[in-house]
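Same chain, two partners: subunit A is paired with subunit B first, then with subunit C.
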Partner chain A sequence: MSVDIKTTARSQVTFRAIAAHAILITYTLIALFPVFVIVINSFKSRKAIFREPLSVPTPETFSLKGYETVLKQGDFVLYFQNSLVVTVASLTMVLLFGAMAAFALSEYRFRGNLLTGLYLAIGIMIPIRLGTVAILEMMVASGLVNTLTALILVYTAQGLPLAIFILTEFMQGISDDLKNAGRIDGLSEYTIFGVLVLPLIRPALATVAVFTMIPIWNDLWFPLILAPAEETKTITLGAQVFIGQFVTDWNAVLASLSLAIIPVLVLYLIFSRQLIKGITAGAVK
Partner chain B sequence: MGSLSLKNIRKSFGNVEVIKGIDLDVKEGELVIFVGPSGCGKSTLLRIIAGLETETSGTIEIDGNTVNGQSPSMRGISMVFQTYALYPHLTVRDNMSLGLKQAKRPKDLIKKRVDFASAMLSLDDYLERRPAELSGGQRQRVAIGRAIVRQPKLFLFDEPLSNLDAALRVNTRLEIASLHRQLSATMVYVTHDQTEAMTLADRIVVLNNGVIEQVGTPMELYNKPKNKFVAGFIGSPQMNFIPASCLEMSDAETVGIRPENITFDGAKADLTGKVSHIEQLGGDTNIYADCGEAGLICIRLFGQHEAEVDSTISLHFDRDKMFKFDKDGNTIN
Partner chain C sequence: MQKPISKPPIRWHIPVFLAPAFIIYTAIMVIPLLGTIQLSLFSDIDGEQVFVGLANFKTLLGDPRWAQQFWNALVNNTWFFIVHMLVQNPIGILLAALLSSNKLRMKAFYRTSIFIPTILSFVIVGFAWKLILSPIWGVAPSMLDAVGLKSLFAPWLGKEEYALTTLALISVWQFVGIPMMLIYAAMLSIPDEILEAAECDGITGISQFWKVKLPLILPSIGIISILTFVGNFNAFDLIYSVQGALAGPNFATDVLGTFMFRTFFGFQLQLGDPNMGSAIASIMFVIILIGVSIYLFGIQTRLRRYQF
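== the complex of A and B ==
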């Protein structure tokens, strides 16, 4: 009798595991499908792309024409570099200032603490694009149009609210005793923040980094409006040159999109490793 | 080594007053324990002494100097926390030496002090390990070592044993007691556990709701509690409180009698009751008897005894050891 109960319980567990994996695998397939299509088609000749968009490249249809076009257009390396500079710089600023604000909000009791927190969090609900006209006017007035600085500033502002919100929650969970021990040993507030607190919220930082990074890398709106000049174009904007009103060079578009995936993928891998490390470290302790 | 003096310390969080005027003098070399129920403000008071929390009003003197407004690291104190609070990224040695490094003390002095502390706490084999590689008891010893290395005027302990299991708790308690003897250091120690307080303290400060109920040596508090709260808090099992009317005594509101001062005696019975539960501890036996109006009464007998649940027993109270309390809970002498 008891054996029966055990086996049913176990088969239930197995069933649940299978169901969960089935759902996750389906989701992964759906999510990866467009990426997969882009990548395989970037290696095919133009005709093959349209004839059989879902088939993998064969010796007959294989072509690197798209990549040749993209790389021959010498500016592409520059676009890449612009995108990387903007993303990494914005990300650094968002994480640094976000963490500092979160530390102040969670650690210090001061008049208006709650109000400041709310004010900073409201940004999550209001899309920054609503302020595009005002932002453009400000950038014109300060002479920052067509500079990467303009993009970095806007993206920092865009990323901060969510970063502060998430990081404040995490920081409130860190033991007061540890910070107090540091104070008794004579550590400055900056050291306590940088050396004691930051390493403990690494998983949260990685999460925020991933959520901040992707929209910045993919953004077309602000590069188009604030920095459309040749020398400040980002990769997403740069890829648009192949999409014409009358003819579109699909090989080149697909190749540039495929290439654009690589840097985010690398950044993502770095952060997700941190994320997993943080989670397991917490579990072992 | 230093003395500590608190003058009319008050602390409010928003509109809630948590510490309501504390006056206290701790002599040099004394081990004073703050004891009281959870949430009565013990930790807050300790953090105020450390400078981690700002007092709303009042004066704090360490070694005769007013330290109000001074940062924690300037007050010449060390603190041991309930959660150990070791720096996770540093080795045991670096954990212990960080405070002195921050104060820019010479390297050989730091090494000498760390070695002294680690020998005292048998931590020699663990000096190069990280906190994550230590057991709870070892972590707490490192935290105590970190406190010793600073050679403070005043040691502060905030429930240092609460996260340890029972056996380790006794060991570490003995270690702290021997530490106090060897260093003859001034210590302020916070706990909610009256056994810890009774076994360790030179003097106990009983706190309740942000005020001091009574200050005294463990035996003073046990023998002459000032009020019902102290009488109930000190001693285990807890003192029995019986409405005076049940005993036909008119000069008090409540009568208190410790479990160890009750005997069975049919001839001189003060109360009769029905046994409802019995706890055999080997060394002694606790019997709980339901005495109707008088409530549940605990009797503590030395040695091993048997009693049938639901059997009727007659209780005799040792008149000399009875406490009488008035309507406000104060002891009547």
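== the complex of A and C ==
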């Protein structure tokens, strides 16, 4: 009798596990399928792209024609470099300035502390894009249109509110003993921040970095409006324009899409453990 | 003799720490936002900026040519949001619930894969789906054919009645990872003792989800709803990269973002108008502000939070 109950319970559990896996696998396929189709077809000849869109490239259908066209035509190296400069520079500024502000807000009691925190947090909810018209006017007035500086400034402003918010929460959790020990040893507040606190918040910085980096790298709006010139195009804008011109050259379109996917994908796979740790850290603490 | 109590020295390091973030944020974000609202109250008359009060808003809501476009964009935008709320967030919650069950294997693999679309740029996502749904290439029709549903195929992105929903679903596909991750994190924070207590009372599986987990993750559902709202009423990139600034076919996929872009920069024969563009941005600002206020004052304060 009792054996019977046990086996039904166990089979119920197995059934549930199978159902869960089935749903998750189905959704994983849905998530990966478009990426997969694009990448495999970018390595095929034009004929094969149309005749057998769902099969992997074979020795007969293998072709790199699309990649040749893309690398010959576009200034992708330059675009890539622009994106890299913009992303790295704004990321550095967001992390450094964000951490400094978060330190001031979490460490010291002063008049206006709460108000400053609230003021800086408004930007989490209100998208910076709504100020585009005035931002463009300002950039025109200061001669920054079509410079990477304009993009870096905008992205820094865009990233700061969330960064300050997350880092403030995190810094409140650091014990005071360490900092006070530093003060007794005569360290300046700047040294305490730079040498004692910054290394401790590295995991939080990594999380903020990932959250800040993805929208900057993928943004189309501000490059299109503030820096559409050939020499300042980012890779996202470059791909948009390039694909627009080559709509009929399927090899080139598929190859350029694959080229745009791969760098982000590699970065993501490197950072993904950190990202997931960061997201769940708030929960597990 | 007692020394007079001297004032504490000004702690200069506080302004030094705050200054860079404060200055950049104020100069690049806050002032332009206010500047945009200010611009929306002016109009260009014979090359000069003249204060016109709320006249731009009157034109936008009253002049049939503008009003028709504006309401079209607003209705489309609302539908775009509804699709996200009905499809993206429930799927995200479902996936998170499945992922958070204890004994499941390959969790990291599922999580990583399902989050991949979220990291891709709109340009990639837009073109990839455009190619897949294209009747010329025929990936979608031949797949439907394989399951005997070929008759269901239509050039979804090219038909007025389907285009917006199709785009919304593409966007859902891209962003489902975000609710999944946030809810997943919330579910991990539920202490094991509570779940064990529920199991002792015989509440397991699906009923455990409804009766125990769901009430505990309601605050997170509130957060993803407001994030979805802000993101959707600010949407532009996906629609621009798939359908262009004209948000075709016949403005069927026009949302406030594309409408503002077109108005600001002009298109085809119409000249760009920064003042009207600012007026649209100001209305978007008000819409987002209303949404956020409803959330902060109406919903968030009423949600019961549990302290573990």
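The rule we apply is simple: the second predicted complex is superposed on the first by the 212 of 285 C-alpha atoms of A that agree within 3 Å, B and C clash if a C-alpha of one lies under 4 Å from a C-alpha of the other, contacts with A are read in each partner's own complex, and residues count from 1 in each chain.
Convention: a residue touches a chain if its C-beta (ideal position, glycine included) is under 8 Å from a C-beta of that chain, and two chains touch if they have at least 3 such contacts.
Owing to the predicted nature of the structure, the values given are computational and were not obtained by experimental measurement.
Engineer: For A:54, select first, second, both or neither according to whether it touches subunit B, subunit C, the two together, or no partner.
Structural biologist: Touch partner of A:54: subunit C, not subunit B.
Engineer: Can A:175 be said to touch subunit B (first), subunit C (second), both, or neither?
Structural biologist: A:175 sits against subunit B, while subunit C stays out of touch.
Engineer: On subunit A, which partner's contacts cover more residues, subunit B's or subunit C's?
Structural biologist: Looking at subunit B versus subunit C, the one contacting more residues of subunit A is C.
Engineer: What is the contact status of A:199 with respect to subunit B (first) and subunit C (second): first, second, both, or neither?
Structural biologist: Only subunit B; A:199 stays clear of subunit C.
Engineer: Identify the partner contact of A:184: answer first if only subunit B is touched, second if only subunit C is, both if each is, neither if none is.
Structural biologist: first
Engineer: Could you give the residue numbers on subunit A that contact subunit B in one complex and subunit C in the other?
Structural biologist: 284
Engineer: What does subunit B use to touch subunit A in their complex?
Structural biologist: 47, 50, 52, 71-73, 77-79, 81-89, 98-99, 102-103, 132, 146, 150, 158
Engineer: Using the touch definition from the top, list the residues of subunit A that touch subunit B in their complex.
Structural biologist: Of all residues in subunit A, those touching subunit B are 175, 177-178, 180-187, 195-196, 199-200, 284-285.
Engineer: Over in the complex, which subunit A residues touch subunit C? Could you list them?
Structural biologist: Per the touch definition, subunit A meets subunit C at residues 16-17, 20-21, 23-24, 27-28, 30-32, 34-35, 37-38, 49-50, 53-54, 93, 96-98, 100-101, 103-105, 108, 110, 116, 120, 122-123, 125-135, 137-138, 153-154, 156-158, 160-161, 164, 188-190, 193, 214, 217-221, 225, 236, 239-240, 243, 250, 253-254, 257, 260-261, 264-265, 268-269, 272-273, 275-276, 279-280, 282-284.
Engineer: Can you name the residues of subunit C that touch subunit A in the complex?
Structural biologist: Interface residues on subunit C, with respect to subunit A: 11, 13-14, 16-18, 20-22, 24-25, 27-36, 38-39, 91, 94-95, 98-99, 101, 103-104, 106, 108-125, 127-129, 131-132, 137-139, 142-143, 173, 176, 181-182, 184-186, 188-189, 205, 226, 230, 234, 236-237, 240-241, 257, 264-265, 274, 277-278, 281-282, 284-285, 288-289, 292.
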